[in-house]
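These notes open a run of structures that come right after.
Shared chain: chain A. Partners: chain B in the first complex, chain C in the second.
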Partner chain A sequence: MIQEIVAGFSMGCIYALAGFGFVLVYNAVGAVNFAHGELVMFGGYFGYAFSTHLGMPLWLAFVVTLLAMAILGILFNQVAYLPIRSRPVSTVIIASIGMSILLRNSALAIWGPDPLKLNSFLGDSVIKIGAAVISRHQLLIFAVTAFVFTGQSLFFSRTAIGRKLQATAQDQEAAKLMGIKVTRMINLTFVLAAFLAVIAGFLVAPLWFLDPEVGLAIIVKAFIAIIIGGFGSIPGLVVGGIFLGLTEVLVASHLTSEYKDVISFFILITVLMAMPQGFFGEKIAEKV
Partner chain B sequence: MGFKKKNVIIAVIIGGVVMILPIFFRDSRYYMNILNFSGIFIVLTYSLNLIHGYLGLISIGHAGFFAIGAYVTAGLTMGTTLNFFPSLLIASTAAALAGILLGFPATRIGGHYFVLITLGFGEIVRLIILNWKEVTNGTNGLNNIPPPSFGSWVFASRFSYYYLVLFFILVTMLLTLSLRRSKYGRSMLSLKTGELAATAMGVNPLTTKLINFGMAGLFAGLAGGLYASYIGSISPEAFSVDLSVEVLVMTLVGGSGTLLGPIIGTTFLMVLKEWLRFLREYYMILYGAGIVFVMIFMPYGIMGLAKRISSQLKS
Partner chain C sequence: MHNLFKNLSSFALVLCLVLIFAVTSLAKIKVGVISSQTSGLAILGQRQINAAILAAEEWNEKGGINETKIRLIIEDSSDKTTTAVTALDRVLGKNVCAILGPIYSFQLFAMFPEVKKEKIPMLSTSGTRKLTQMDNRWYFRTYPHDGITKQACTLYAVEELKSKRPSLMSVTTEYGKSGYEIITNILKAKGIAPVAETWHEKADKDMTGQLMRIKRSDPDIIISQAHPSDTAIVLKQQRDLGIDIPHMASSAASMPSVHKLVGEAMEGVYVETVTLPNFDPDPNIRAWTKKYIEKFKKKPDSFALLYYDTANFLFEAIKAVGPNRTKIRDWLETTRYKGLAGQYRFDQEHNGAFFAIIVQYHIKDGKAVPELKKKYDFTPK
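And now, the complex of A and B:
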């Protein structure tokens, strides 16, 4: 039982981390980026390429991946968001779907369809607590999640650059009048989202393996977490992610493993229909 | 509203070309295949054209309706004594009911929330097909689906199938056209432009949206039934999100909400795919880039581009 709960909890943390980059972009510029899952996947694939093909130690591969993904984030923004940012929401959504097809098939062309494994920072070792076997990688996931989510609240409230980002998110016109370079801030938002994608990618890849479909699989789960928690809410995202992770594990081991994803999608639709604001969704009211 | 003389002449010419087109390709299985698949996808694209073109909503779950149409048609023609046409009718009705079901959330939520609902719907249908092995045969799918027949006439050849598909394209087009000219069609377009204003003017958003989704489900179910009995075997992997996205792209490339857009967009992309087949997996990379390109430079598709060029030529 403890083992199940730990597994569900750690999966939920990954959903929250994967969804965070998506929510960050949504809150900052109102763009819905359906390609964020592919960015998470590329974070993992770059890590694999730098550590396995180029033989870098994992920490160095992580740093180089951050740089590579920062560039990808800026490119993404320049190509698929900035030119159409004043168009209807549906245009932005469809352009991001186009980017997701582009990235997924680029991964297929570069790395092929077979699953690849990225090593964890803590290897495959496990610790035993009573009858439960818990991997060190799961503990790493908890630590990173705690660090990222406390870090972000300090970053946005205490640092100058974080406040500038928040100002841009609230009112681009006013931010521009205050001398904030809005385009630069939007670029920065996409870079931060790409960083979060790298973190999520490095944590999920040792568990799920990397293949060209993994980005879609992870972002779909992240969407469900985001909807449960309330679109745009960061505490809601964490709660929604953990709720989903736990539900999945408990449903799979006690009810049905074949239909566990069907149940997750039912939760998505039910929440959207019954309470579209989710658990923590006050922020949407401001947005609309 | 009457028909303009010029439009009638154009329609007659296009109709004539479409009627005799397969005679040239009759001996080529390959070209007949492209024509027939394009035809089936045109019916499917007309379905999304209703939802996106008339209500402004995006669906990435259309594979769900398509799958319902395909599996119900296949199941009825294989498992019961029912003929093809009644089976197709029941299958399309089932898909229409699923459409109406999906129409209910559409009255309350839009934008990206609705996109996620449709994603959930499509995935639920696919996962059920995949796991309900007793009925759907799971990953192996259904094989040896009989070709459509009408009395003693069997649509066994690709050439005869072309005219069957053409018939259903005409039905879909006529239904779309009569919807466009009816009170409900105008109500839909007014909801798309401004829901609050339209409601204030007496448009009932619930009935209007349910009619739209019911018809969209019907078209997609028809397409699914035609698909299943044409290719003869179906399995869950054909009905993934990729298919839904492909249909969305066909709708947008042609020009959403126009009468000819679905035909142009679907045929263009089907032919392009065959033409660029030598690129293999790189084609899909180009395809993704193409979607972004279309969104940036021609958001109203080929029909929008044509309209812009013709109005510039006039002035």
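And now, the complex of A and C:
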């Protein structure tokens, strides 16, 4: 059982990390960015390209990937959000789906269909703790998740830039009147989301491998975690992710692997019927 | 007068272009190629298209088929049945005489009604057993079906590795379900029941639940059937979780791209496959592999080699009877063909290949190197 719990937690942390950029953009500008999974995928692919093709050490590849993804985040904002932000929500959603298809097919054209593996910062080795086997990479996932979610809380509450971002998220007009450069803040939000995508990409790629479909796979799971946790809620995202990860692994191990997803989705629907707002959020109907 | 001259000139120009187009079109033997060029399924599809291109180019370098060049009409079937059927429509619209089809059975099933209606020979390297049990005289399989490969891997597990407590891991696609049925039937005939049976989705990224279920049942072997990405995840996680029993993996585990993902965990893994183009000592296969790598900058897999044989088999048929659909079908039904990978001869159901091999991989200098363990030949007498 310990083994399954470790794996479930690890998957849950991945869902939460992948969903964080999505929630950040949603909270800041109200945009539902379905291309965030592809940004996670590109974070992993850039890391692979810099470390494997250009021979950079992994830490340097990570730094360069952050820079590359910052540019991609700004481009994304300038192309797929800023010009249409005053249009209906459905237009923004469709633009993000369009970007998702564009990024997926770009990845296929650049890196091909073969799955690729990005190495972990801590290698492939495992540690035995009692009956459980934990890979060093899983420990890294736990540590990074704790760091990112604690760090974001401090960033948004204790730093001037974090407070400006919060002000922009709450009321763009009021923020503008207070002298905050709203467009710059929106750009920064997309850059931060891209940074989170890089972190998620570097943690996902050694386990899930990189292929042009991995972004879609991850955003579907992250989206479920977001809904279970409460749309827009950061603590809810973490709890929702871990809940989903644990459910999947425990159902596959102890109930049925064939109908694992059916049962997981059934549990999701049951949770939403009992708590329409998710664990921590507002009613879903009010958001979509 | 000037206008009349101008109009006539324009008309003549258009007519010339139409005639040139018509002549160049007519002067080629058109063969359709439908395979996945996009989506995650392109991992197999692109190599197959490459193999068909290689075969056609070789024929064209020698002057084509009976002095007529081959023109491949290539369409993408992506990862959906709808895309595959649209690809078929496009290819049929170009008036092809035969089609090299996709590997994925769910796409082939969707295409079959139109293939039968249009009476067009279609050849492909899919393994799903049921494909040739659907009374479709226009479909020809040039890859050993699951009944062959799954028989080989199950027999090897039971007879050579002396397994008494096998466990099964299967993907929920048609391929996995068909293979599961065959394996369990063979085990049943041997008086053996699997101690654990697990299923996973093709897109699943974590198999801890399934592997822990297997671990608790204390099996003496895992027999898995999966596609490339999930095969890599299963093999890697089995090693990570310390489940130290033999693993008999399906043919995806013979792909070089999978070896890169699995790394050291390929050590000791048994794989059922058909050929090993990157390790075969046969000089002809070695030369072909070298040529393939030089042209496409990628290593071929067994599916690509058999697709190359398939394309050549089809071109031989066209050479013998011309680009006539019915004659091509009849010729294929009655003719043996010796390809690079082996002998092909279609049975009543249109299964054309009956050979399989079991290999075991070992890590040497960081690379997965196969060791041939046993050859199986189930060719009907």
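The rule we apply is simple: the second predicted complex is superposed on the first by the 269 of 288 C-alpha atoms of A that agree within 3 Å, B and C clash if a C-alpha of one lies under 4 Å from a C-alpha of the other, contacts with A are read in each partner's own complex, and residues count from 1 in each chain.
The rule is simple: contacts are C-beta pairs under 8 Å (C-beta built on N, C-alpha and C of every residue); 3 or more make two chains touch, one makes a residue touch a chain.
Because the structure is a prediction, the values reported are computed rather than measured.
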Clash or fit, chain B versus chain C on superposed chain A: clash
A:Q3 touches, of chain B and chain C: first, second, both or neither? second
Touched partner set for A:L268, first chain B, second chain C, both or neither: first
Partner chain in contact with A:G21 - chain B first, chain C second, else both or neither: neither
First (chain B), second (chain C), both or neither touched by A:L207: second
Which superposed partner A:L108 touches (first chain B, second chain C, both, neither): both
Contacts of A:G73 with chain B and chain C, given as first, second, both or neither: neither
Partner chain(s) touched by A:G37 [first = chain B, second = chain C, both, neither]: neither
Chain B versus chain C as contact partner of A:E258, first or second or both or neither: both
First, second, both or neither for A:K117, with chain B first and chain C second: second
Chain C-contacting residues of chain A that also contact chain B: 105, 108, 258, 261
Contact footprint of chain C on chain A as seen in their complex: 3-4, 7-8, 11, 105, 108, 112-117, 124, 126, 128, 133, 135, 207-209, 211-214, 217, 248-254, 257-258, 260-261
Chain C residues within the chain A interface of the complex: 36, 38-43, 45-46, 172, 198-201, 203, 205-206, 208-210, 212-213, 228-229, 232-233, 240-242, 257-258, 260-261, 263-264, 298
Touching residues (chain side chain B, partner chain A) in the complex: 52, 56, 58, 60, 104-105, 108-109, 111-113, 115-117, 119-121, 123-124, 127-128, 131, 241, 245, 248, 252, 281-282, 284-285, 287-292, 294-296, 299
Chain A to chain B touching residues, read off their complex: 32, 34, 79-80, 83-84, 87, 89-91, 93-95, 97-106, 108-109, 216, 220, 223, 227, 231, 258-259, 261-262, 265-266, 268-269, 272-273, 276
